[in-house]
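Labels A, B and C are assigned to the chains in the order they are written; within every chain, residues are numbered from 1.
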């Protein structure tokens, strides 16, 4: 198919249109820029927004990494990586620090990003106010007038009913003191990584036709109350493969009895630590004959 | 002293149907103005024009805002109108369902305006919500309950608390006691009267019920077919109506 | 035993091969040809062209074959292909007055200038299975008769002469192009009609039906329904005049709706409009009903809170490619989000237990 389609699939006109939208979104951090999202050869809701942003940003020298849930080898990540291998013939990598562009769904890599990198998020519902106010015409007005009281009403209700803010992912943030923004469904553990990040962070929502951005070194604040401050949340455990105790963990069911183990959700981070000689509980057992290498 | 609110030459018609015609009206700080008339008299149209919810065909509405000075409400951008509406103004709807968020707890309902203007301390918001709930005689132990579990009278008091919590300068009320049982009405009127006095609120209230006017209003206008037929001090108009229509209203309603 | 969720490239490749085999079915049976689909499943081809927004029976048939007859999947293939096509220009508006009708009926008048033409319709067939088709039974040929040349004016224009039907306002503005510019609200009628003609037949059918059952009822009659071929003309800049570049089959439905008059308009009839690629009678009627319901604001009618009146609701949810992608995306891995929910529930339960312990 690579011969039949333009570099990185989209035609240049469309890429220019998307780049204009991206420039606007960078100029107004956190503001949702409408764009004429194209139909892509993968379903809406599966990363079409991210794919269009990546396509508009890619140059032949790029080295691209695609993750889904933090992992390079989940099916949708593989599928999107193959798409760009075919249509753009760019080099791919699983190494966070070696990638010039990382497309992600639901996670921010554990390894710090740098100024030469772009992080592209796939966004299902770009509107942080959507579940409080279903009308687009109304939510756009609320953004324009900074009418964000309703967002805090939601957090207030959480505390009143649960004693805590009960939002654990897609946790709303305020960018540079102005726009309230949906960070895409990343766990709130990742929220602090967005703030003052040296890399350019771009967000694409294909079905909802929106682009937005966090330019490098922007202040990103997770919404909270003074007396109920934002907290990160992760499993109270360490990775059983690499013993990391500061990374976001997946809980994997390992047998029919329902026993579980905790492993890093960021597969590259975990592998790199293991290569550096870090060993978790499960790896130490290996030396006694337990095989967990298939995980 | 200048009035805080002054409307001149307000006219609005719908095609050939007249809403209201060339209405002049002013309100001083701490004053309650009643607008009475039967349904179809144009009083709701007028209230909607005054509160900038619909655009009149003609006229201007001056508001002397403590924060921005003298403004013509109708010339403000929608953004500025909405900002005023959630800070210096309040609007109490006849049906509390229109003025409350039914899926949000009582505390969240009262606290919303506080959060809108930037209050970010959960404990303070809650304390203030409790305070206002007790001021409108609601059981504070129900602070986490949704308004859908409240009676009509309780919902209406909650709506009032939600509106007053930011101490607005000007309050519009559209038949606030309509749709309530007579005994509940009396209690609500009592409450409104003490709040008006205690906080020296400026209120424009629309009603068809002269008892409401008698209890609350300092001045009143009587509307018929889109026109003001009589205006003056509330007691004076009620005790000594001049216009035949007002006489009819007074004689038919106040025969208690 | 635990099976790793991390599928990887090999699993995907194998899944695709299996899918291919399933699509082909038993190899002892001859494969379907594109001509067979085009010729014998023409209504499915129509639907794929209409909702795929691309008039090409051959590609639509290919998409149906490739998608194992899953029409939404076929529409998706067409849409994804369509995006990659360069745009050379725009055609002139088609003239449905000069349509070569194979079917043309009016429910509002017994007889009409140009005549009622029943055409190839299921309408008066008894829905009995024709078992002859099981045995490849050949069918009778249609009766041929040369057409009587007569003009077929639009019926609603006859009402227009009497001033009984509301006038559509002509505008010289270039309509917003839904496939090139983002949807913004409020949307004008041109945008709404674009969205509806691409919209899911089932969704519009349900919405149209709801208006008849009282959710924004606007009592409609089919003023005219016509199906047939029209010529498509385009002005070629180098030539400086327009030439016919092809013929397309379309279905057009105009409804006549009662209207009591409003604050701004006198009592008169109003219209709903449906126009769809191919032979798509049901869709065009449903589209006209929904179009009419969405016009409440311009006609000064009340908002009854019905789904079919809600522009934002209708336009954001009528596209089946958007809908199917998002509905089905919940089968993608969400374990990171789920994990954070898991931690939250544990924390809330832990805190509640602590609280109980403390109060004992």
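Basically, a contact is a pair of C-beta atoms (placed from the backbone, for glycine too) under 8 Å apart; a residue touches a chain by one contact, two chains touch by 3 or more.
Fair warning: this is a prediction, and the values are worked out from it, not measured in the lab.
When the C-beta pairs in contact are tallied for A-B and for A-C, the bigger tally goes to A-C.
Using mean Cα coordinates as chain centres, the one most removed from subunit A is B. Rounded to a whole number, the gap between the C-alpha centres of subunit A and subunit B is 48 angstrom. Chain centres here are Cα averages; for subunit A and subunit C they lie 34 Å apart. Within the complex formed with subunit A, the residues of subunit B that make contact are 78-79, 82-83, 86, 101, 104-105, 107-108, 111-113, 115-117, 120-123, 125-126, 143-144.
The part of subunit A that touches subunit C in the complex is made up of residues 5-6, 9, 11, 14, 34-41, 43-46, 48, 68-71, 73-76, 78-79, 82, 105-107, 124, 135-137, 162-164, 166, 168-170, 185-189, 207, 209, 233-235, 248-256, 265, 294-295.
On subunit C, the positions that touch subunit A within their shared complex are 1-2, 4-9, 11-12, 76, 79-80, 82-84, 86, 179-186, 312, 316, 321-322, 324-329, 332-337, 339-344, 347-348, 351.
Only residues 141, 144-145, 147-150, 152-153, 156-157, 159-161, 224-228 of subunit A touch subunit B when the two sit together in their complex.
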